[in-house]
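After this come two complexes, each holding chain A, first together with chain B and then together with chain C.
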Partner chain A sequence: MANHNVFREEHIRSPLAHSWFLYQQNTIGMVALWALIFVLILTVIGPWIAPYPMDHKDVSALLKAPSWVEHGEVHFFLGTDDLGRDLLSQIIYGAQLTFGGAFLTVALSLLLGSAIGIIGGMSSGMQASILHHFLDTLLSIPSLLLAIIIISVLGPGYFNTLLAVFLALLPLFTRAVYRAVHDELNKEYIIALRLDGATPLRILRYGILPNIVETFVSQTTRALTSAILDITALGFLGLGAQRPLPEWGTMLSDTMELVFLAPWTVTLPGMAILVTILIINIVGEGLRQAILKGMD
Partner chain B sequence: MLIYILRRLNVFVITLFLLSVVAFLLQRQVITDFVNTGNIFSDYQRYILAMLSGNFGTSLASGNPVLSDILAIFPATLELCVMAFIVSILVGIPCGVFAGLSRGGTVDYGIMTVTLMGVSVPAFWFAMLLMMFFSLHLGWFPVSGRIGLLYDIPVITGFNLIDTLLSTKPYKYEAFFDSLLHLALPTLVLATIPTTEVIRQVRASISEEMDKNYIKAAQAKGLNTFQIIKRHGLRNALPPVIPSLGLQFGRVLTTAMITETVFSWPGIGPWMVNSIYLEDHSAIQGGMLFIAAFVLLANMATDLLHLMIDPLKRNELYGKS
Partner chain C sequence: MIPVLSVNKLSKSYVQHHGLFSKKSITAFAPVSFELEQGKTLAIVGESGSGKSSLAKALTGVITPSSGSICIDGINMADKDHKQRCCQIRMIFQDPTTSLNPRSQIGRILKSPLLLNTELSEQEMDIRVSDALRQVGLLTEHAQFYPRMLSSGQKQRVALARALILKPKIIVADEVLATLDVSVRSQLINLILDVQREQNISFIMVAYNLGIVRHISDEIIVMHEGHIVESGPTAEVLDNPQHTITQRLLMNQQVQFRK
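Coming up: the complex of A and B.
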């Protein structure tokens, strides 16, 4: 290809653009990223492309095996469950409940949690100390237990699950952002900025935030996986979404008795959960590595 | 050391206090027939005095005091957790060392791929898969419960493995192996989380230590890799891993609750879930306080253990680093 660059000077990318360039070299990471985009699209347009409506039950096709097995039919690509519901449609609808729900809760708690964390991190003294100890208390309780406690007050249900997971994730973000901001604030280049007369807002925007992107990425990855695991676990325990909502964990919980008869009703929804979490982890870890390398 | 223990205890007590306040407020919110005098402080005083004397209230479902219910079933959960931690240490440390030594190599790649799978798999689904394959398909392990119904073992400690050996029944060894078989699958499910964590930490820690000068000195002396790892590498790489293992305890305990539900293990998990179904609030609240206090206690214990083992950390505390 012809080189249009007339000047000898090398173009230097910004650190974040450089990180993105590094990430593109990572083949597995890119595959996972495309898969993640695919899941996101599926989550948004799922209801329009699912072959059957959410509550469609076909009494003439109970416990059909997946299409690639003997006795399977291609109209029920992944087979059906004991009420004749098409598994493929159920899993597509479930993406909205499980992945979409997790995505929304994580986005909200990321916004609110980091706002609190930044305010706490930029301040010092009594205010910061109270926040610190309060968060330590909350973090000593595992997120799922916290969610179960909140559910026990609010009562089971899908919306309450999301609320509980949101509340359980908040301290995670707040704590991590608080720590990162606090650590960064004590470094010398920030002191130099301050000596130059920068306002706190300016220090935050140009000094701190670009340097704690890694914290945001790794915490978001962790939060997304733990949100999906918690939502599905609560669904499985019968405390989250209730049937007929095809939440992936809920789908698994009523297939317990079908383990013998129809193993595909157990393996396929679980596979959906596993693959989703796997690609989130791969993308998150790849981005983190790329950002760490790009910073150097 | 004594000063540090006192300071750590202080934090523990304050955290428990905050926890009790949260639990108290929840109870006030939920239980309508709670005798409210209108004054929140005197209510709290009554509440905390009852708690301190070990009175967690009476379970609405079973009619027993909540604390005695919890103490009766908690050993089953604890047995599972302890076994999971033992497995995670036995498997995690060697795998972590191999991965750390061949950082970037094939072995490392293989171990890290398996670890990534372990982090991503939902515990209840993994449990169901294992049950499908090993219990139903191959028939190697029992599907559920703690011990076969044929064995009648009196409860002494609540830990089945110990109880079977302590009992004077003629079939005590058969009973012991039977409870081991029952433990196998739940332990495997539960061990995935701490094992992946141990592998990651040991790997990072070993590959950092191996670049240091004292290792080069040991190599120059002519020690082989095994000796270097055994005498120098592990001794410096392991202590920093201990606190992260303690932090895993909370997650293991909650995962145990899910695993127990799948395997019908009579532990605290099914009990809590059942209490939520029945809206048995004094049981929920007692269980929550008990688990949270136990997790805090475990965290504190691992912190102190770390301090006893790791002299570098001790120096740090006294400002001598």
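Coming up: the complex of A and C.
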């Protein structure tokens, strides 16, 4: 009994704080997290730090190689494309379109989809089972195909792309949250709360939500990945953002014919897509593991 | 002497939906009637699938019974909501690892029934929580702990404290001893007997081990396929079993003892 208070601060950590503590031990995860924060900051303040305006074309510097290659110039750090646009500036502006757009759509569909999922999961009987079967049907269609179908109705364009991706992501969130809430409701600690006389809102707040954080994290990771892939794929197919908007997928398709002449114009936007998706997944998977480990 | 609990023709059948229109009903237990006096312990025994858990759940309001009535002190519980019921009759679940919210501190878990059912001030609640913890042999400091920091015996003590904290008349325990090792089990049994003596609470224990049943219970109900096949004072029933099911249960366990 005497030494019970020693090290108490260190021992009693809430499960989420404990998960965060575990995550901090994961070096790769922390590096990826800092990279993700960097991309996020770049997305927000990009327009102020990009060296050139978005539509700036320098006809005297067409297809300049990146600065570290022979004939490269430092003031076109990543080189230029066939119209003399600075690639670094283009990629920075593109972060707002590709990553920022994906981020916003995911945030919105997370809010709306989870709300529907929670309401469906907490209710029972006919509405819940109709919702369930409806979502199963929707989810059997790949999200990109669903987005293309929606685009074919709305017409191509950047805003319509975001709308289509938003609509394609909704069922993903709704279904996952619905499942998690539904599973959670049958657990004994929820039954115990209900027997204490707790209102559904209180059960949701203290019983269910803290226990389905893992679902939110893993679904958000998946959704961010699939949103970026869908936005860039639609851009690449010419259905999404159109030039001069420097959306990363659009940049790729725009410079595809230059792949032998000026490979960096293809590689760099491609790398931007790849690296962004990679760090999102490293962070997401690390967080998920830490949350699961923090439980026991 | 009027019984604290009287159960009259209580029954439950589960309805299972197959597809949209066809349904099937499974009888968990047929109409059963029994009574329980204050401060006494009733044991419910029977093989698995005989409807013991369903009966325990119906008594505490986890599931709504298909027919029949439950009266506590002569008041029918059917017209009452959870709030009024939980001050009278409380449930302890079988598995303490799933019956405590892993994201809540023990103090919060114990406080929530007080918060929802009493008008106590914050300080009075804290006092009740630490009293309850001490009563079940834990420390006041345990209020800050999360369930994952406790052993399963300690968790079951917390579950007992949660049942006790509203000072109910009846506590229903569904196989609470099954998941504990022998030494922890006997500690918990002694704790339950102490608490019962101090507060004159009636217990309904769903149990498997007939040795323990004989030790702690006054009355016994033997269930088989949803029916009560035998009931009466524990010592009488176990010493002189009339029904083949009771005889078979006793025989199975005697074989186990001899091994």
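We adopt the following convention: the second predicted complex is superposed on the first by the 285 of 296 C-alpha atoms of A that agree within 3 Å, B and C clash if a C-alpha of one lies under 4 Å from a C-alpha of the other, contacts with A are read in each partner's own complex, and residues count from 1 in each chain.
Basically, contacts are C-beta pairs under 8 Å (C-beta built on N, C-alpha and C of every residue); 3 or more make two chains touch, one makes a residue touch a chain.
Model, not experiment: these values are computed from the prediction.
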item	value
Clash-or-fit label for the pair chain B, chain C on chain A	fit
Which superposed partner A:Leu145 touches (first chain B, second chain C, both, neither)	first
Partner chain in contact with A:Gln90 - chain B first, chain C second, else both or neither	neither
Touching partner for A:Asn26 - first (chain B), second (chain C), both, neither	neither
Chain A residues touched - chain C or chain B, whichever exceeds	B
Partner chain in contact with A:Met256 - chain B first, chain C second, else both or neither	first
Superposition-derived angle with apex at the Cα centre of chain A and sides reaching chain B and chain C, degrees in steps of 10	90
Overlay on chain A, chain C to chain B nearest C-alpha distance, Å	8
Chain B/chain C common contact set on chain A	none
Contact set on chain A toward chain C in their complex	1, 4-5, 8, 11-12, 14-16, 187-189, 191-198, 202, 206-207, 210-211, 295-296
Of all residues in chain C, those that touch chain A in their complex	60-62, 81-83, 85-86, 90-91, 93, 95, 98-105, 108, 112-113, 116-117, 139, 141, 144-146, 148-149, 162
Contact set on chain A toward chain B in their complex	133-134, 136-137, 140-142, 144-145, 148-149, 151-153, 156, 225, 229, 232-233, 236-239, 249, 252, 256, 259-260, 263, 266-267, 270, 273-274, 277-278, 281-282
Chain A contact footprint on chain B (complex, rising order)	11, 14-15, 18-19, 26, 29-30, 116-117, 119-125, 128-129, 131-132, 136, 250-251, 253-255, 257-258, 261-262, 272-273, 275-277, 281, 284, 288, 291-292, 295-296, 299
